[in-house]
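Each chain gets a letter, A, B, C, D, E, F, G, H, I and J, in the order it is written, and its residues are counted from 1.
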Amino acid sequence: MQGRKDHELKDLSLLGNQETRYSFDYTPEVLETFDNKHVNRDYFVKFNCPEFTTLCPKTNQPDFGAVYISYIPSEKMVESKSLKLYLFSFRNHGDFHEDSMNIIMNDLIKLMKPRYIEVWGKFTPRGGISIDPYCNYGVPGTKYEQIADHRMMNHDLYPEKIDNR
Amino acid sequence: MQGRKDHELKDLSLLGNQETRYSFDYTPEVLETFDNKHVNRDYFVKFNCPEFTTLCPKTNQPDFGAVYISYIPSEKMVESKSLKLYLFSFRNHGDFHEDSMNIIMNDLIKLMKPRYIEVWGKFTPRGGISIDPYCNYGVPGTKYEQIADHRMMNHDLYPEKIDNR
Amino acid sequence: MQGRKDHELKDLSLLGNQETRYSFDYTPEVLETFDNKHVNRDYFVKFNCPEFTTLCPKTNQPDFGAVYISYIPSEKMVESKSLKLYLFSFRNHGDFHEDSMNIIMNDLIKLMKPRYIEVWGKFTPRGGISIDPYCNYGVPGTKYEQIADHRMMNHDLYPEKIDNR
Amino acid sequence: MQGRKDHELKDLSLLGNQETRYSFDYTPEVLETFDNKHVNRDYFVKFNCPEFTTLCPKTNQPDFGAVYISYIPSEKMVESKSLKLYLFSFRNHGDFHEDSMNIIMNDLIKLMKPRYIEVWGKFTPRGGISIDPYCNYGVPGTKYEQIADHRMMNHDLYPEKIDNR
Amino acid sequence: MQGRKDHELKDLSLLGNQETRYSFDYTPEVLETFDNKHVNRDYFVKFNCPEFTTLCPKTNQPDFGAVYISYIPSEKMVESKSLKLYLFSFRNHGDFHEDSMNIIMNDLIKLMKPRYIEVWGKFTPRGGISIDPYCNYGVPGTKYEQIADHRMMNHDLYPEKIDNR
Amino acid sequence: MQGRKDHELKDLSLLGNQETRYSFDYTPEVLETFDNKHVNRDYFVKFNCPEFTTLCPKTNQPDFGAVYISYIPSEKMVESKSLKLYLFSFRNHGDFHEDSMNIIMNDLIKLMKPRYIEVWGKFTPRGGISIDPYCNYGVPGTKYEQIADHRMMNHDLYPEKIDNR
Amino acid sequence: MQGRKDHELKDLSLLGNQETRYSFDYTPEVLETFDNKHVNRDYFVKFNCPEFTTLCPKTNQPDFGAVYISYIPSEKMVESKSLKLYLFSFRNHGDFHEDSMNIIMNDLIKLMKPRYIEVWGKFTPRGGISIDPYCNYGVPGTKYEQIADHRMMNHDLYPEKIDNR
Amino acid sequence: MQGRKDHELKDLSLLGNQETRYSFDYTPEVLETFDNKHVNRDYFVKFNCPEFTTLCPKTNQPDFGAVYISYIPSEKMVESKSLKLYLFSFRNHGDFHEDSMNIIMNDLIKLMKPRYIEVWGKFTPRGGISIDPYCNYGVPGTKYEQIADHRMMNHDLYPEKIDNR
Amino acid sequence: MQGRKDHELKDLSLLGNQETRYSFDYTPEVLETFDNKHVNRDYFVKFNCPEFTTLCPKTNQPDFGAVYISYIPSEKMVESKSLKLYLFSFRNHGDFHEDSMNIIMNDLIKLMKPRYIEVWGKFTPRGGISIDPYCNYGVPGTKYEQIADHRMMNHDLYPEKIDNR
Amino acid sequence: MQGRKDHELKDLSLLGNQETRYSFDYTPEVLETFDNKHVNRDYFVKFNCPEFTTLCPKTNQPDFGAVYISYIPSEKMVESKSLKLYLFSFRNHGDFHEDSMNIIMNDLIKLMKPRYIEVWGKFTPRGGISIDPYCNYGVPGTKYEQIADHRMMNHDLYPEKIDNR
């Protein structure tokens, strides 16, 4: 079986492009997709993004976190370099962590129309406390909505050990 | 999508306030909330609080623990700096660990009326034994009560390895 | 909410008592209880006891293990210092690990009449092999018996990595 | 409650015996049992055996692995020193890892007639790849068969991180 | 019980063969099988393959990952040295990670006709983000299809901590 | 060789004493010593104290840290329960971390006149940064002063990985 | 011994100040100091700063790293909140990692005139490779210069394991 | 080169002996030695003994620790089973940890007359503090005395992280 | 202090260049340098390269390893993207691990003429054994040659734990 | 620079040879060497061998350990496959761990005449105690003898944590 051919990659303007410009204001339009070649089956794709940073909306202080995004694709899949640029665009954006995780999920749902998706942020502490928001989504009225309910109910039964060091 | 605007933050008296006063007597009235902007969906918010300390009610000896709080918000969400001050207020308060975890959960239920909430404390040993209480709650008569039952039944099937070092 | 008051602690003869005497023969009568103030809800209490030692019933050789005890209280809760003394009383007692874990659970059921309880021992190796017994119990004919079945069925699907070092 | 008495141990010929002879050819007849004193309840016993070695059936090259054995006893329980000798007897025996794990389980089923049993081997790599076979069994037509199905379906959803170092 | 005999191994052309040639172009025909001697029971076999490398289809840059393959065999089982050679054949092959994991699973289904199979790739980051695809399969219309659905629904509820170091 | 006899322990007023009172204001006079029975040789004693807490001198906010104290005794040795009470007395005391580590060392030098001593504090972060002060001391004009210089010069060449989680 | 008094803290304009403004352009003038109260002895102070981020000078891509700063104070010591603001000011500054570590050390030497100082940056990978620069300094012509040479010679003999995950 | 012959092992009364009796009172006379066959060279032998337990001399409470013994042999070497029995004999013996480590070293010096020896105990906490004594010895007037000084001076520059869990 | 300016970066042809071509045959000429702006001081730069792969010179089998490169720069410093391309060029090159580490160091000495450099490779096992070569170099007749001797003498006194998993 | 050529590999009879025979009796003559191409410099080569097994000389019981071998080559270097076969030949050989480490070093000195060599064995426990012998050697009368003394003096100042699990 042959790998991805050039014509399958022709819509990807960012991957391998040296002229990449980095926006540090919230820029969802930078996201790009490519076609899912395995639509006949459900499978998961996870992105590990430990280099996420935003600003506190009230104090403007920088915050840092790791973001984990998992989804079951439908017809379209998000290209990873465009995802990187999208996440970079939160760099000088101010919002609560609970909000930014919901916004990321909303934008990816709009972009890819995935069967299922979840977004989990894990932030560094301020004043001795850290915050970890988790949201998910399945296409309403399908089994993917049941998957979302099931995964919410079983979410994080084993919180990782945190000692702020 | 724009971040939290000033008028959305105007009820938060503590975040970014330099005149913060720290009470070390149990003070639940310090807790503050802000509005949940994503009420249409269930999502989890977890607070990791490894800097929790109380006194033994009988010997007055200081005890130390990590507290993990997870909840699914309804209309209101607890602001993290006020939560920090609330947890600090246990510093010179004397109670059993089993009691303090239940009290924290009771206070947060009263404050936020969350759909679901759980509180897990993990304390350092005295005399070679350590104690880890875990309690949870879902709004009675809703699916969140079922979530509470499900999570209680599956709680901590894999106790972390403890060697007191 | 006030902490535990003196009259609530008056039956605890061991906590904070300097005249503690240590028995190293099996002594279940040393166990003491206090009242559960949160009987309206199910919650878990876990004791981590990594300093457990017995003797081999055939060779008299000392054995060492960690014992993890988790329970959902009913009316009574075991006081942790008395639990420490009880576990110390196995120090010069000879029995198989499979038996001692069952005996500990039997004694705590008799003492507290808990809704649910489980006991897991993890011992150091002899001759390159180590033994980890796990038993549990729910009040027969209640949902706690179902919890016991559920937790037995899902017990230890991920054995920790052991390399004897 | 008294520990195991001498007459309960009288059938154990190997435990504490200095004249132990080690066979390095497959020797299932070395296995010994003792009586289960807690037949009224289901409980798990796990053996951690990180010192397992066999030979490759085609190249005769030594292979090394850790074997984890968990079972719910019926009337009889395997004595751990005899289990050690049995596992040693694979030392100069040649077989595929997939086969040896099935053979160990077959022999222990024949010996103890357990309600439930599972055997998991985790071997070191050859040519950059390592093999981990897992098999299980529940008495057919009982709830233990359902336990076996349930545990097979949920087996190893989180493969441990392997980097060959 | 005797180990694998010579006639049972006679179709394995690669194991122990010094003349092995390594193809670095995608070569699924190198895969070989042997007979499953335990067809009467379901059991899992997992391969840990941390030395997997491909090329990016657009930039030709080398990528590195760990691949975990788990399956329940039917009549045939893949021989591990041939699997090694097959995975080596991706060395100079260009494809997206999401595609290569699906291709590996497709080839192994065609080869072995397993009852159940899953393939999980975990790659190193590019530009701060790493990608982990996971796919699975159960024979349609059998309980193994249900196992596949169940495992997809419960996949990776606890993403491992990634910090790119 | 016999263990410590009663007359050797008669000056210890705190060890095993049930009437212990806990001061949370800086109270160096609580420290007690016992005789070193091995004055003919140099040896190290280390105390690991992970339950240390103070207040920020400017904001009054609680801070948390682990303190490691190592010394080579001369004639006198600090009794560990009195050390515990002494460290507890910083609980409501306000000072910079750099100061409190120097004060602890000054007090122990005055108490024990040790040949050598070092004190290392490792605190949890505020605003994303944590502080770890380290001081040491050897009797001036002796080889212990050289040991102090040597250990300062070789101090912490391998800072532990800190990620604030 | 009393803690830091108000007049000792009066020059600190940032600690506890709610009106803090965050500059994201290189701003060394934000650094503040307080007096060293223990000038009679050498001691180390280490800052762990895992939330450091800059931009690549050629591509403008964000980079992330952990910075470890250790020094032996002379008369002045850097206040930690001002250090935080200083490090934040690299957020939108473009430079090579090798340069930024040298610049941080230069600025702190100019500010505090420490007896000894070292700065170690550990960055996340780009293209599979990560960079860790380390520089140090001792006052020329003093024993602190020798300490610098000694620590350079013994630097990082045990590189931490990096696998980019 | 042939392994140890029977006549070389004839003085070992305990190794492989089934009639072993375990004394739990301090019994140094149980120690046995065998001949060093490599006296022409210095080499280290380390014993890792994580199953050490004693009693507190004042309260009689059991204490637990790990003991690490390293030595350079001269003519005689301690046999490991006899060392095990010797360490077991502290089981019901009461002494301070600082004393017991010195006593173990004294007894092994008397037994083996080693060129160099060191003993390090690491105990579990009482009241939040744990104690780790370390002593060593080299034959006076030889280079081994210098080794002892060197190792004391460089002892434990990197205290392991302790969090009492 | 300003960051790297354009004219300082003008000789870097690869960084940020989208037309990068990857050679998989040994290609030392791909290496590029930039100027060291801190020549007045010694400092270390370390590259962590966990994605290194070569071929066995006799069997052509792929090998995998992590390479750690540390150096003290003189006038020139190697640019990291060119280093990445250089290391990629070993991909289809056949050599012993002991040779390839020496070759990498030779090429970097020729390129940068560093004051000091060391190269450490850590490979995955073949047949149960892994190989870790380490070489270093200091300019002959300078103190850097002494640094090289010192670091060789103190190399890897604490081999990391390897269990091939 | 070209890789190892065929004529440089012609004396290696085992590498890549399918007809390998495995001896399980002590067989030092199986060891083979190849030429060191970098004799102008000192460098270290380390072998990690976690799959080592022998028999107890008195009880015949199998023992297991990890062996770490590090050396600075002179003219000849040991080939790794032949080293594997040599270590396999201890499989059915009975000797004390202290002896087998010395024997391995003696044989490699005889084979390669290295400038420096060290051998460290780390075994699994018997009866709760594990043994770790370490020996080394430098050519007498050269600086390598001094390296041996230095490394012996600094050996294992930080014993790894052992808990027998």
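The working rule: a contact is a pair of C-beta atoms (placed from the backbone, for glycine too) under 8 Å apart; a residue touches a chain by one contact, two chains touch by 3 or more.
A quick note: this is a predicted structure, and the numbers were derived from the prediction, not measured.
Colleague: Same residues or different residues where chain F meets chain H? The copies count as same if more than half of the interface numbers are shared.
Modeller: different
Colleague: On a CA-centroid basis, which chain has its centre farthest from chain H's?
Modeller: A
Colleague: What is the distance, in whole Å, between the centres of chain E and chain F, each centre taken as the mean of its C-alpha atoms?
Modeller: Computed from C-alpha means, the inter-chain centre distance equals 55 Å.
Colleague: Whole-Å distance, chain D centre to chain H centre, using C-alpha means?
Modeller: Inter-chain centre distance comes to 35 Å.
Colleague: Measuring centre to centre with CA averages, how many angstrom lie between chain F and chain J?
Modeller: 44
Colleague: How many angstrom between the C-alpha centroids of chain I and chain E?
Modeller: Centre-to-centre distance between chain E and chain I: 33 Å.
Colleague: Going by the touch rule set out above, which residues of chain C reach two or more other chains?
Modeller: In chain C, residues 16, 48, 50-51, 59, 61-62, 64, 124-128, 130, 154-156, 158, 160, 162-165 touch at least two other chains, as defined above.
Colleague: Report the residues of chain J in contact with chain C in the complex, numbered from low to high.
Modeller: Where chain J meets chain C, its residues are 61, 64, 122, 124-128, 130, 160, 162-165.
Colleague: Going by the contact rule set out above, which residues of chain C touch chain H in the complex?
Modeller: Residue list for chain C touching chain H: 20-22, 24, 48, 50-51, 53, 55, 59-62, 64, 88, 91-92, 124, 165.
Colleague: Within the complex, which stretch of chain E touches chain D?
Modeller: Those residues of chain E that touch chain D are 1, 3-4, 9, 12, 15-16, 34, 36-38, 41-51, 66, 68, 70, 72-73, 77, 80-81, 83-84, 87, 120, 147, 150-151, 154-156, 158, 160.
Colleague: Applying the document's contact rule, which stretches of chain C touch chain D when the two form their complex?
Modeller: Interface residues on the chain C side: 26, 28, 56-59, 93-96, 98-99, 101-103, 106-107, 125-137, 152-159, 161-164.
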